[in-house]
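The structures come next, written out as structure tokens.
Paired with chain B in one complex and with chain C in the other, chain A is shared by the two complexes that follow.
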Partner chain A sequence: MKTFRIGGIHPPQNKLTAGMPVTVLDLPRRVQLPLQQHIGRPAVPCVKVGDTVVRGQMVARADGFVSAPVHASISGRVKAIGPIMNAAGYSIPAIEIEADEEAHRADDVMRKAQIEFDTRPTDRTLSERHTPEELRRIIADSGIVGLGGAAFPSTVKLSPKAGHEPELLIINACECEPYLTCDDALIRGYAPRIAEGIELMMSACGARRAVIGIEDNKPEAIAALRRALDPAWPISIAVLKTKYPQGGEKQLVEAVTGRRIPSGGLPSDVGAVVNNVATAFAVYAAVLCGRPLIERVITVTGAAPVRGNFLVAVGTSISDVLGSVPDDVKVVVGGPMMGSSAVNLQAPVTKATSGLLVLAAGETRRLTPDPCIRCARCVEACPMGLEPYLLSTCGRLRMWPEAAEARVLDCIECGSCSYICPSSRPLLDYIRTAKSAVKTLNK
Partner chain B sequence: MTSSLLTPVIILGVTGLVGVVMLYFVSRRFRINEDPRVGRITTQLPGANCGGCGLRGCRDLAETCVKRGNLQGIYCPVGGDEVMQKIAAILGVDVEAGRPMVAVLRCNGTCDARPQRYEYDGAHSCAVMNAVAVGSRGCAFGCLGCGDCVDVCAFGALSMDAATGLPVVDPDACTACGQCVKACPRHLLELRYKGPRDRRVWVACSSRDRGAVARKICANACIGCGKCARECPFDAITVADNLAYIDFEKCRSCGKCIAVCPTGAIHSTLPPRRPTTQSPTE
Partner chain C sequence: MIIFSPSPHIHTRRTAAGAMMHVIIALLPAAFAAAWFFGLPAIGVMLVSVTACVAFEYLIARFVLGRRRAERPSLIAAALTGLLLTLNVPAGLPWWTVLVGALFAIGVAKMAFGGLGCNIFNPAIAARVFLLISFPALMTVWPVPGSGFEAVADGLTGATPLEALKKFGAADDFSMFCTPGEMFMGSIGGSLGEVSALALLIGFVYLLAVRVISWHIPVAIIATVAALDLLVGARVVPNLLGGGLLLGAIFMATDYVTSPMTRRGMLIYGVLIGVVTVVIRQWGAYPEGMSFAILLGNGLTPLINRWCRPVRFGKLQKEDAV
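Take a look at the complex of A and B:
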């Protein structure tokens, strides 16, 4: 079975919510929509305080090519446009929308119909109805960003330079992060729709073939995909050996194609483009149903009062999703490897939120770091072939040019080094510092 | 016996001679004509290579001022006027007296004013803590207390106060090299003029949160009320983004702003005021 060659780790999978279907979480009465939920320039509000907006209406437009618009995820009145506190506690600009009773009921009816439509079996839809330009415009206008976690505007990835069209579209369904099962649940529930989304993406970017990269720890999802895909279609499934961080773009390209992306390069350098499986579903919803990206599936797991895979409106506060949690737990936004802990539970779920992991007080404590014993296990674990102990030291001692020389910018921040370190050294913390310092210096 | 001694002597002597001749020509060929003043100036400089002058180190400063032939725009904050006078004498030019500067901390979020809200158990570094979240004290603008500034200070002018959890600047040891300014991820240290007779006044807060929010997080926060700006007779204080700032070019260290600040966010090195008839303690 295929996988990437260098490094990688096998953390306990803890997929507690693996068998659970996508559960629809009720729409909240109030949402906070940050203007920047993506990589690139923040969106610019196009509504005023007091305006009435309907669910799916654009409330902030994209500012330039590398940017994404934001849409209202509930109907109601714009209550405020201003700073809110994000999950890390920093203040970010956002649009706040409050629903009244009537709007709330109307939204509910509409949403039920939409979800019912998604689950209904359909004929294969022809993507030839739209030209690639039209498709890209719809994807851009629908605010679709990569739903794997980095939230890079999808239209940028799907707009290759003329003559450089990717030959292969790789769909990332690895979900290599422990605990998270949102992509798994989505595939099990909506595989035919995902197949339609993949086709639309292929015609948008001009790729002739598509491969769905999925780890072998999701047999049900693999079976669902097999059922949904006609063998005659140019879409195949690559079942990969479970290993973290297989869902990393560079690792996945290598696992699927055997080609390695050069340092500082992109998948397009080896003729591929990578998109998440949830993004494919969002593309289907946008193009064939005219629904912008206003809700996504997230995994609520760990010591949460109710675990599951929930369809949540973007902008719902974390506390609304979780319900009441004790004060001494740690809430991680994202998975345990790459997620960040939240200090503010009033912060909204964004397009980039793939999961909420609740860790009980005893589970989260970091061990006291011991001196490095030069065992080089971090070097073995690094999927990018870097020397984490060296990069970390450069970061701690502020040796930025040396860090740049040791290719700190190639680090994908997967955290394998910190995970494997027998001295529990905070390797990644310092590498991140070095990475951001080198990025600033290069500007 | 004579010949057995003579052979090695001759061999060594000839080898040595050849070496001398080679070295002579090599040294002539690869000679670098350096202005002797560069070396003299370098010996006058403190040799800390801190980069406080904005150049790459002490030798770079010496080379730059010899190359330019004047001292305009070049100032060694560590050596101060004394060293600059010596350099001026070597170069044979005049130098204006610089205004000595010192680092001040623009945060007063002590442990009492800002109780700990979250527990942080990551790497002991402000830069790391800042990247993860707002920090254990809940303020998005204030001191994180891991002492990155203390670590980078080459002159031992900074130390952490265990009682307040904030770094303390020793104004006598501080050379205004600016390393701490660069190291602080929240830009809380600022270089300001030492002021006449070491008197200086500054706003010890950097919070741009709205007044009510800032006050909720920290009892000592500047709430941007603007009382100080109205009180200032020299127009030195501006309030922008809910934060007052005292322009040290304009400030005359009269200290009137300190008395009106409702949160005690304005700090100074002025001697304590004599008690007036309207004492606030009544």
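Take a look at the complex of A and C:
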């Protein structure tokens, strides 16, 4: 079975919510919609305080090509446009919408009907009505960004330079982070729709083939995909040996194609483009159902009061999703390896939120670092073939040129080194310091 | 108060202290064999050495380096050093000599370089070589092995297989001296921990099974020695089983701190140690060459690390490093 060749780790998978279907979480009474939920320029509001908006209406437009619009995820009235505090505690601009009671009930009915429609058999003739340009415009106007976590605007990825069309579209369904099962649940429930989304993406970017990269720890999802895919279609499944960080773009491209993206390069350098499986579903919903990206599936797991894979409106506050959590816990937005921990539970779930993981103090407390014993576990674990012990020392001693020479910018911040270190050294913390210093120096 | 920190948010349960405990466990068969063949006093010497090393570690960390506490992994590492040190000396070495060795191992070879993780040379090996050079007579008195936890009562001493080999050369007289079976089980003269190849191999299998070490260094050393012995016409079996080769290859050369970081580096390091060992044994003044070879390998480790970088993911696209 295929996998990437350099490094990697096997943390306990803890997929506590595996096997749970996608459950629709009721729309909240209030949403906060950050203007920047993506990589690129923030969106520009196109509504005023006091305006009435309906669910799905664009409330902020994209500012340029590398940007993404934001849509209302509930119907109601614009209550405020201004700074809110995000999960990490930083101030960010956002649009706040308060629900209108009448419209709210209608939205709920409508939404449930839509989800019901999504589970029905596919109608493949629909996807042949659009030109690549139209598809890219719809994807852009629907505010679709990469749902794997990085939230890069999807149109940008799907707009190859003339003559550089990717030969292969790789769909990332690895979900290599422990605990997370949102992609798994989505595939098990909506595989035919995902297949349609993949076809639409292929037409949008001109790729002639698509491969879905999925780890072997999701047998039900693999079976669902097999059922949904007609062998005659140019979409195949690559079942990969479970290993973290398989979902890293470079690792996935290597696992699927055997080709290594050069340092500082992109998948297009080896003729590929990578998109997340949830993004493919979002493309289906946007193009074939006219639904912009206003909700997504997130995994609520760990020590959360209610665990599950929930369809959540973007902008719902973390505490509305989680319910009440005890004080002495860590709330991780995303997976335990690369997710960020939250200080503000009133902050909204965004397009990039793949999960909310509640870790009890005992599961996550950092241990006192011991001296490095040069066991080389970090070197063995690094999926980029770097020397984390060396990079971390460079970061600690502020040796930026040496860090650059040891290719600190290649680091994908997967956290394998910090995870594996038997001396509990905060390797990645120091490597991040070095990385940002080297980036600043390079400018 | 909600807990907040950068990612990753989970951590392996494996610790440095745990890895060192595994090595200590893996040495227990060898320690048992030492007690079996050289009597209960062998256990006494081990206890003296382990206690002394831990005590020196604590005292130096606390009162010489002025640290507020001595970390748990450092103390376990010191215990391991103490155990390895006694397994590397002859039974019947006076207790004060063991103390001097422990002080050299912890004080000079380890703490003077900055403590755990900072030493260039394996402390136990450095101390053994220090004792060998300082007290050559005491360090080469080899009691004849007894059995069943009973030392040979009248204090008979004899030669180690490698000393005998040096004396007899490749002549058939050696076959009269000891058999491969004796060398494998351990009823031969030698340092406490090196006599029983069986006990050491059990430890090796254990270390591989719990993934504390990889096969690369031991196998590279053993294979190199065997191949070179064949090449120069030396006796292979006594060279592999009759001296400190297995103890050194499995437990000393694989010390994390003083051995290379990459698999390729480990193989080069192992081959180097193997070559030097055979050269010393064949043409040097000493019958045994493992300690010197490992020290040399330790010294070259930084260079090997520099030379054998891991395989990076992907080619450099353009040379635009700062």
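What to note about this one:
Following the convention adopted for this analysis, the second predicted complex is superposed on the first by the 441 of 443 C-alpha atoms of A that agree within 3 Å, B and C clash if a C-alpha of one lies under 4 Å from a C-alpha of the other, contacts with A are read in each partner's own complex, and residues count from 1 in each chain.
One rule holds in what follows: a contact is a pair of C-beta atoms (placed from the backbone, for glycine too) under 8 Å apart; a residue touches a chain by one contact, two chains touch by 3 or more.
Quantities reported herein were computed from a predicted structural model and do not represent experimental measurements.
Once the two complexes are overlaid through chain A, chain B and chain C fit side by side, free of any clash as defined at the top of the document.
Of the two partner chains placed around the shared chain by superposition, neither chain B nor chain C is touched by A:Ile115.
Of note, the Cα-centre angle with chain A at its vertex and chain B and chain C at its ends comes out at 70 degrees, rounded to the nearest 10. Once chain A of one complex is fitted onto chain A of the other, the partner contacts of A:Ser341 extend to both chain B and chain C. By the touch criterion defined above, A:Asp429 lies against chain B and chain C together after alignment on the C-alpha atoms of chain A.
Using the contact criterion defined above for the overlaid structures, shared-chain residue A:Arg365 touches chain B and also reaches chain C.
Within the superposed three-chain model, A:Asp410 lies in touch with chain C and out of touch with chain B [touch as defined at top]. Of the two partner chains, chain C is the only one that A:Arg260 touches; chain B does not reach it. When the two structures are aligned on the shared chain, A:Tyr90 is found in touch with chain B, with no touch to chain C.
Once the two complexes are laid over each other on the shared chain, residue contacts for A:Ala106 go to neither chain B nor chain C. Per the superposed model, the minimal spacing between any CA atom of chain B and any CA atom of chain C is 5 Å. In the superposition on chain A, chain A positions 340-341, 343, 365-366, 426, 429, 432 are in contact with chain B in one complex as well as with chain C in the other.
Taken together, the chain A residues at the contact with chain C in this complex read 6, 11-12, 178, 250, 254, 260-265, 269, 327-332, 336-343, 345, 357, 359, 361, 363-367, 370-376, 379, 382-387, 389, 400-401, 404-405, 407, 410, 413, 415, 418-424, 426, 428-429, 432, 438, 441-442. The touching residues of chain A, counted against chain B in their complex, run 87-91, 340-341, 343, 365-366, 369, 396, 398, 426, 429-430, 432-433, 436-437. Within the complex, the chain C residues that touch chain A are 1-12, 14-19, 71-74, 77, 115-118, 256-262, 309-318, 320-322.
Interface residues of chain B, counted against chain A in their complex, comprise 117-118, 121-123, 125, 127-128, 131-135, 138, 140, 152, 183, 209.
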